[in-house]
Each structure stands twice: as C-alpha cells, then as structure tokens.
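Residue numbering begins at 1 within each chain, and the chains themselves are lettered A, B, C and D in the order written.
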Amino acid sequence: MTQNIAILGASGYTGAELIRLIATHPSMQIKALSGERKAGQPLAQVFPHLRHLDLPDLVKIADIDFINIDLAFCALPHKTSQEVIAKLPRDLKIVDLSADFRLRDPEAYEQWYGNPHSAVDMQGEAVYGLTEFYRDQITNARLVAGTGCNAATGQFLLRPLIAAGVIDLDTIILDLKCAVSGAGRSLKENLLHAELSEGYAAYAVGSTHRHLGEFDQEFSVLAGREVRIQFTPHLIPANRGILATGYVSGDAQVIHDTLVAQYEAEPFIEVLPMGETPSTHHVRGSNFCHIGVVADRIEGRAIVIAALDNLTKGSSGQALQNANLMLGLPETAGLMLAPCFP
Amino acid sequence: MTQNIAILGASGYTGAELIRLIATHPSMQIKALSGERKAGQPLAQVFPHLRHLDLPDLVKIADIDFINIDLAFCALPHKTSQEVIAKLPRDLKIVDLSADFRLRDPEAYEQWYGNPHSAVDMQGEAVYGLTEFYRDQITNARLVAGTGCNAATGQFLLRPLIAAGVIDLDTIILDLKCAVSGAGRSLKENLLHAELSEGYAAYAVGSTHRHLGEFDQEFSVLAGREVRIQFTPHLIPANRGILATGYVSGDAQVIHDTLVAQYEAEPFIEVLPMGETPSTHHVRGSNFCHIGVVADRIEGRAIVIAALDNLTKGSSGQALQNANLMLGLPETAGLMLAPCFP
Amino acid sequence: MTQNIAILGASGYTGAELIRLIATHPSMQIKALSGERKAGQPLAQVFPHLRHLDLPDLVKIADIDFINIDLAFCALPHKTSQEVIAKLPRDLKIVDLSADFRLRDPEAYEQWYGNPHSAVDMQGEAVYGLTEFYRDQITNARLVAGTGCNAATGQFLLRPLIAAGVIDLDTIILDLKCAVSGAGRSLKENLLHAELSEGYAAYAVGSTHRHLGEFDQEFSVLAGREVRIQFTPHLIPANRGILATGYVSGDAQVIHDTLVAQYEAEPFIEVLPMGETPSTHHVRGSNFCHIGVVADRIEGRAIVIAALDNLTKGSSGQALQNANLMLGLPETAGLMLAPCFP
Amino acid sequence: MTQNIAILGASGYTGAELIRLIATHPSMQIKALSGERKAGQPLAQVFPHLRHLDLPDLVKIADIDFINIDLAFCALPHKTSQEVIAKLPRDLKIVDLSADFRLRDPEAYEQWYGNPHSAVDMQGEAVYGLTEFYRDQITNARLVAGTGCNAATGQFLLRPLIAAGVIDLDTIILDLKCAVSGAGRSLKENLLHAELSEGYAAYAVGSTHRHLGEFDQEFSVLAGREVRIQFTPHLIPANRGILATGYVSGDAQVIHDTLVAQYEAEPFIEVLPMGETPSTHHVRGSNFCHIGVVADRIEGRAIVIAALDNLTKGSSGQALQNANLMLGLPETAGLMLAPCFP
C-alpha cells in the first residue's frame, strides 16, 4: 500500500534530498510540498535537478490538507519547526529534521538555542531519531526528532564505547571536518564559493557548537554520570560529508571489537578492518557510515574515525529510515543507493 | 528472471559506475568482475565506496566462465577492448564502452585511433549505442558500441537539427566543457588535483579530438552529405559532467520546436522551456540530459546547450540502458536515480 | 616620491586585490580606504589576509580629505560610482573600476545598464582603460575607466585581428569560461559553494551580457563599420580566471603573426608558440595574459584563446597599471608578481 | 650586490615556489636550475606560469658549475638529497628542503625514513631551519635543513608553550588538515582530482607520519625530557595550506599571552586576538603564519590553531628566509607578498 507523504520546507537542501531518496522508494508517494516564500512555484524552478519527477507545486503549509497524509517530514528551520508542528494534527506521524525536539530537557534546549521552547509538552513525546540506538521506540513513535548531522557522526563512533566502558570518559576529543551543505542554502559570506573553495578553518571553537547539547544528553545517560567531550568542527571546501576524528584513551583492539559487535547486523554501518580508515568520498550521496579504528603509537590511546554524508545518513536518509520504521515498511526501502564516486 | 552480468575492466570509473547503477537494478546480478592487474583483490579494496555490496572478487578475464553470463559490459581501454571481444563467445551479448566499435569504417578508425583495427568483421556487426536514435537495432543487437561521452552530448543537441534541416551545416561550432572523470583513472600530471583544481584550459584544440570521428560518421549519414563541425573540448575542475555549448545558424524557435518534438516521449532527455539553459550540477550522478535553446541577439543564430553526466548518460548509464533493451527488460530499469545535488 | 592613494570601495574583491598589489609597490602609500557599511572597522576584520599590513581603518567617503590624495581608485558598484565620482574634486586623478565610464555614448550606456547616466559630461572626459591600446591617452588622463574583465580578455584576442583585417568580421564567436570572483562578494544563491562547486553552466546567454556594449563600441571603431560578435559566458567552479575561446575565420598563421607583432614589446601579454594554448592556472594571481592560436581542421578557420586573472589583469592589476602611467611611474611597478601555481 | 642562486630539483612544486618568490627578490639572481629527467627543457615548458621570467634552461646537476654560485637550494626528494649534497663543494652554502638533515640522530633518521643515512657527518653540521627559533645558528650556517611543513606548523604552535611550561606535556594532540601540494607533483591515484576533490580522509593515522621525528627531537630538547605527541594528518581537497588544530591542557589566557610574547617582534607570525581563529585562505601564497587560541568549555583545556601555506612558510618561503640570513640580506627580502585571496 502506498504511503502518502508531505514534506514541509521542501526548498532547502534536506528537503531536496528527501525528494531524491523518495523518488525511488517503492511505497511512498509525495502528495504535498511546502515552501512559504516560494509557494506557487513548481519544484523544478527551485531544484532543476528534480525536473524529471512528477511532483506537486510548492504550497503554503496552511494550504495542505493533512487528512490524506500518512507522514510528514519537517525540514524547516529550528524554532519555526516547533511552532509549525504544534499546530499539525495530533495523529499525524511526523519526522522532524530540525533541532527542536532533540533535547528532552527544556532548560538544555534554551541554553543551547537561546530561546524558550514553545512546545514543551511535545518535547516529552518526541523520540530521539538515531535509528540504530532507538529502533524500537521509533517504530512506535508518532513524532521523531532527527539527530543533528555532527551529533549522529560522533554518536556512531562513541556510543558503543561509552556504553561498554572501554574508553576513558574524561578525555574524549572529537575533531570534525564538515562539508558546506550542512550549513544549508543560506546566503552567508563564508559560504560563498570564492570564500570557501581552496580554504578551510575551524568554527564554533571551544566546544560551543549546538550539537554538544545532544552529546551531553546522550552520553551522560549512557554512562550514568555527566560526560563532557571536546568537539571542534571545521568547514571544509566540499559539498557533502562529515569526517569525525575521535581521540580516545582505550585499547584499540577492544574498541574495534566493540564496534564490530555493535554494528555487525546493521545495514548502513560498516566497520572497516582494523587499521583502515574511511573517506567521505566513499559514502557520498548514500546512507552508509564507515568507521575505522587505529592504535596510536602511544600505548592505551586510539584514533576512531567515522565518515558519513551529512545530507543522507546525517539528515534526510536517517529521516527516511525512521519513517520506514514508523510506517511498518522495510527499514532500508529507498535507501540502498550506492555512493556516488567519483 | 535475473540476468547474469559480467563487467570486464571493473577497476576503472566506468566499471564502478556500472556497479553503482546495477546495485539497485531489479533484475540483474553481477556474476563476474575482471581486472587484470588487480585480479584476486576484493572490489572493496579498489572501490571502498562499493564495500556494502556482495560482489565477486576481481579475476582475470581468462578465468571467467561465460557459459552462465547473459551479458558482458566491456569497460576496457580501446584497442584492448577489440582484442578481448574478438575472443569472447560469439553468442555472448556485449555492450562495449570503449571506442573500438563506434566507427564503422576501418579507415576512419585507423585515422582517428592510429592503429589498424584488429576485429574488422565485428566492426560491421556492432550497433552504434546512442539509444534514442538506434533503439530498434540495439534491441536486436548482439554487440553494441557505446557512444563517446562528448559525442553523445553533441549528438543529442545536433542530430534532430541536422535531420530536420533547420540549421546551416557548414557553420556548426561545439564548445565543450568536460569534467575530469572522462579522462579515467589514469595517472597523468594534468589530472592531479594540484594541477587541475582552480584552473582550466582547452585541449585537443583544432578539432583534433577523437570523438570527431563519430560526429563525422553520424552527421554525414543524417545529412546525406559530408558534414564537418568544429569542436573544442575544455577540461574543467569538476569530477562529473559535460556541458556542450553549440553555436548554430537557424531560427531559435524552430530549433526549440524540433528538439521538443524529438524528445517529448524520451524518459531521459529533458528539453527546457525556451530561453532556459542547463547546468551540469542538475544532472550529476543521473542518466538525464538537459537541453536548452536561446536565440542570439544576431538574427538567425541560436545557442543550444546540453548537459549530462559523462559517467552516466555519457557512458555507463547509456550502456545499461542499451543492455536493458538487449535483454528485453524495461529500458529505464536501474536508471531512474535522481541527480545528486548539491 | 611616494604617491598617496585612496581606495573607495575597499571591502570588495577588487579593493582587496588593489591593496594586495600596492602592498609591494615601491612608491605608493595607501592613505584612505572607504567602505560605507563597514566604516569604522579595521580592514583586517573585513579581509584577514591583509592583517600584516599597516593600513588606515575603513571610513565613509564623505570623511576622506582628498587634499593630500594623488590618485583614487573607485572600486564601487556601477551607478554608485558615477554618483560618487561626480562629487569628487575635479583635479583628483581617478581610476574607476566600475562599468560607469566605459561606454562613451550615453544611449549605449542606458541600453546596457538600464538607467540614464547621471554624469554625462564626465563620460566624455573618461579615457577607456585598456592600457595596451590607450597608453598615451591614459598617461595624460585625469579619469580612466577600467575595462570590464570579460571585455578586456576578448579585446586582447580580437583587437589586433580586427584592426589588421585578418579575420571575417561577421562570424566572430567568443565562448568565455569565467571564475566566480568576477561576480564579486555578493550574496547570491548561485554563488554559494554548494551550488557552484562541481557544476557549471552558461549565463547571460544570447549575447546579452553587458560587456558586449564595450565590444560593440570598440570593435566598430576599429573596423570602421558596425561589428557585432556572439559572446556566451559560463560560470566555472574556480575562484580566479577567465578563459576566452574565440572562433574566427582567417588564416591561423597570419593571425598568430599579427598577435606576435602586436604584443612583442608588451610586458604583460605573452603570445604562446603557434599551436600551444593557455590555462587560467598559469596566470592566476598575476597581471599576465597568455594567448594561443591553433588552426582548425577546417581550412580558413582558427581558434584563438586567451587566459587572464579577472581580478588582476582583468580589473585591479589593469587599474594599477593605468595609475602608474597617470602618475608618471614605471608602468610595471608593483605588477611583476609571478602567478601563484599550484 | 647580487647573489647567484642555483635551484636543484626545480621541476617540483617547491622548486617552482622558490622561483616565484625569488622573481621579485631585489638581490638574488637565478643562475642554474636542475632537473635530471627534464634536462635541456626550458622551464616554461615544465612550468608555463613562469614563462615571463628570463631563466636558464634545466640542466643536470653534474653540468652546473658551482664556482659562481653563492647559495644552492636543494628541492630534491629525500635520500637523493643527501647523496647530491655530499658531492657538492664543501664551501657552498646550501638550504636543503628535503627531510634528509632535519634529524640529528642517525638512528632516528633510519627509524623514520627506513634507510641508513649516507652522509652522517653532514647531519651534524646541518642547522635545523625553523627560522624563528634557530635564527643565530642559521645566520652562521653553511648547511640548513628546512623544517617539514607539518612539523613547522606544529612547532609554531607548541614550542613556546612547551618551553614556557604552560601546557601538560603528556596530552598534546595535533590534528592537521593538509592541502594536496604537500604531497608534491607525484603521480599517485589518491592525488588525482577525481579521487580527492569533494572528499577527504585521514592518512598516516596512529602517529606514524615522518614529521613526528622532528616533533620528538625538538620537543624533547625543549622540555628536557621525552615528549611524545599524537598527530593525525588529513588530506583536504585544496591545493595549498596546512591547518593545525592543537588540543592542549593549560590556561587559554596564559597560552595566548605566551604566544603573543614569543612572536610580537616576528615579521611573519601573527597571533590573532584571543578567541579568534585562522583560515588557510588568509595565508595562501604568502609567508605568513596565523595563530589563534580559544578556551574550551572544559576548564583547563584550550584549543590552539595555526594556519600557513605549506609551499611558502612551510617550505620554499622558509627556505628563502633562511637563505637571506645566510647571505647577510634582510630577512624579509622577497617574502612580503600579501596572501592571494580569494
């Protein structure tokens, strides 16, 4: 049976990525696409690469009839998302790609995002959308909050290690290299080709990036105590990809064994043979995440590295994976596309 | 019924692209992959982005048992290809991606490629693989010669115009902008990142590029007289894509009408509304070709522009489209992936 | 004797490029830098790469005392430039980098730029700044109008050929490949890294680009009759560079001889040996222009190709070259930096 | 008085960069350029971007008469370099850009480079070329060993902190992001544009990179005890630049004060205001190094980041700076070029 889908905020990169993935999904059909400022336009005008698809024109959210929609993806900016979702039908299944329902604690939300949450009751209802670790809850959820792309990458690396107690909790450092599509389609000077191409730099230095809120929340629960990691993202002149280099104290072989055991049944997480490390090039455009482990020359220290595509496994692919679960469809439906290399 | 597939020369970019596309094909299974120098290696070592697939290891061609193979793709270098194909079983269906069987005239082959053809009899048997124009012959062919990526792009633009007699035949100029994967995975100084990134230049200037042999052959047949176009390719710092800018004498509206009429039933060729022009970004990773037409300020002249992905519609996608026809499968099977943007 | 320099509009790319070049100029000192919206900021905040220089803070133009300024560069947007220049002291030497004084005919200006010119009297006074062809007038000029970067590239190729009568005037086609810094530091969606990197497309198709006004003006004067060329620019994923591929009817050897004779004494124009063609990579960051000529396989046709850096020879380098002449300094002062490769 | 210069190994990137810098040096003249495999060719054929310069053709080293050479730069591969230098006149001043004389201990050399040193006596003579820390010895040296580009970047960050005792010596982590020209002009698959552009990955993971030998040597001397840091380089899709992100335990303000005090008189090292961080884009093509310090949210930890151009300050610029000292010239001669942005 075909599931009817709405995508709210379809004119951004995560919206476009959802459409790209759903285009070959065997049992989903896109029934509504919203874009407040671009309402009335055909999607091919906003995203000419989707020109070959038979899609509804962009409309305002207020003009969507949700009665026939089985599931809505919200690819809206944070803050807007919570306001919109609060007004949607209470029985509509929703996968939110924004940051609005990732943090369960309203105070933590306000601390990291700078504004009080306007839908605190739904914060409690939302299930955290890191599929591989919340699969059962997601299957039964009405509202799923997509994990941040950086937060997902770091958690794929660190969750099994923290849970298994095989690394020191007080010396975790995560150095991220992020491609530019993670910043969205926003008109900022540092995102211009002439400013970014051929150059790179750190940002949100000093562990001030908002995705730390997710790390703090999740890792502390896992460890049963407060865990605070260091995390520095860098903006790299590439369009897609996150590479997370983790520096941890622990035995590399035990770390590798732990990760292999954790992920061996997972369709999208590939733990490389011991000593090999991943490249963003090898996951681009796909829902796969590659993980590598190497022992440092200093005994008792290891480097763990993960690579994924921020728009796919880090965002829209993850969202579709969750939607599949929520709708009782095969989890991998529409998601087995191989990476696009070169 | 599943068709068993072999890919000869699987360690190059067109081989990898074939595997990427076949990975989601509903009725093809890869049974053999060859790579002479890398025989014995698992494909994941050569192409880590295909690690998630369950594929046979690379072997030498001599070690493949073709008895159970329904169709072989030859993604070998030209000259090697004709030698290999000559020794394959005579009832094996073959799609050749090299240049070896594109030219029907052995003299023309020798002129453009510098060596006498070693399988002249098969030259006559081979069907030219530009699907949209040789569909019936391809359906019944045993051996199909894939069109060159530049030659395909130019023919999508010009064939309908030459056939309809709506442009002057003596003043056609084609200025191509080609991404680097068209040069293959070969170790040449000008293909290094440090040499190519941030710079661009023409090559094979003076209408000396080998794909001109295909233009000469095809356009002259269409026109019923000798046609010689000018053609200058340029190497652009990007990985995938060909943009062909054609300068022609003719009425832009008539040209647009001719192209629309030609392609309206084609699943992969999109003629843009009059006055709009395509970008390689909007076809990347897909089998689509976008075509635009604009009238010049000088009366009676028009600019026609086509964009496609050299590895997909220009090579491996085209090859798969032809294989589908040869095997009686739906022509678009495995090929409806949306472009990967951004 | 040190010449005191003001740069109006110092917060854009051409402003920054002027400062970069003047930084090693032996007899110029920057006394004032303007930036209306960023007045009060140190330049290092706007352009951290110039941090090591001892420069005045940005101010509003109204706050500059021009009494001690020997020459002002105007790197302002067109239209703004004419309004500002009209109010500057009438004895101040000015090199304008905008489009405002390039066209001598007020009607042509209005046709191409869409607004009536507000300083028509100064339009007549301005000297066209293509140094190699207006050297004497520039030396004696008070106000020099910098040539457009595309217009400069095309003229370096075509002026000698038109003047010498060695090419057909009615079939000239210029296909340009332009890097993105030519579009300035403006916040437009198509200039974002994620939209441009890995993709390319034509723009201003149909010979509608404003720099055609300059070609029309200059070529018609040279030929003594109206000349209209075809000109299609393409936006390439690179930061600096223009590559102009010209398709002309004429004898390639005569064309090469004509260009060699024209430029042999020029310090910045290098005509390559017959048959060689230039790359933007080999002029990047420098004031050099490389030109190549190749005969086409079709008798009587030739391809002529020029490469330069749009920010240097196409704009700020050209402006400095003109300023040197106007101030009685050696023409090459501050301009002999070798290209930055790779 | 003009100093006569020879460059051995002029056909690689560091050779080209030396020529670029020396091109505007007021008192150096290039008298000989060597390239064993390309002997006999004009340099313009190997590096067309240097076409405008009046340079000697490439010759074999054996054909250079060193009698009139004041100083030779050796930009040869390591191992070759020690063999060549051992045979040069013993009174010739030499700046070696290879790794051959960086390590003073023959055993350390053999451990990191895999072969015994063939000029052990000269190892002792050589002065380590990190100008800002070995200025006096370099001034009086005959043979100077250029610091590795990664090693230089890390030492600019860490030397003052280790010497001052303001950071913990046992928890230093250096995460480097390196542009591709650091790998030289060698034909390797992972250096191809199609393999590197749009993707990035770590290499030499596990603190196995050869530049660690330099860190071990230098930091241990400074600290008066053995110091072993962790160091992971990453290959980034850009042509020039190294960004070193250092994770250290110490007080950020004290760290910043220490760096400011160390570098305030240095012409090429810019310590940014507290809390600001550098970009490789802002030093590209120049001899400058920008350094930033930020306090982490975890008390007692800091992030220190340095950016420089691997070909300039990391290699050829550093070499020229040392040559200036050795020849009694102003240290900054030929080196004050502003970065090339965008």
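Criterion: contacts are C-beta pairs under 8 Å (C-beta built on N, C-alpha and C of every residue); 3 or more make two chains touch, one makes a residue touch a chain.
Since the structure is predicted, the reported quantities are computational estimates derived from the model, not experimental observations.
On a Cα centroid basis, the chain most remote from subunit B in this structure is D.
With A-C and C-D as the two chain pairs, more C-beta contacts join C-D.
One inter-chain figure worth recording: subunit B and subunit C are separated by 39 Å, centre to centre, where each centre is the mean of the chain's CA atoms. Here the CA centre of subunit A is 45 Å from the CA centre of subunit C.
Centroids built from CA atoms put subunit D at 36 Å from subunit C. Contact with two or more other chains is made by residues 13, 181, 194-198, 237-240, 278-279, 281-282, 284, 341-342 of subunit A. Residue ranges of subunit B in contact with subunit D, taken from their complex: 13, 180-181, 185, 187-189, 191-198, 237-239. Against subunit A, in their complex, subunit D makes its touches with residues 171, 173, 175, 177, 194-203, 205-208, 212, 228, 230, 232, 234, 236-241, 243, 245, 247, 275, 277-282, 284, 292, 294-298, 301, 303, 305, 307, 341-342.
Contact residues on subunit C toward subunit D in their complex (touch as defined above): 13, 16, 19-20, 23-24, 47-53, 181, 197-198, 239-240, 267, 270, 278-279, 281-286, 288, 290, 336-342.
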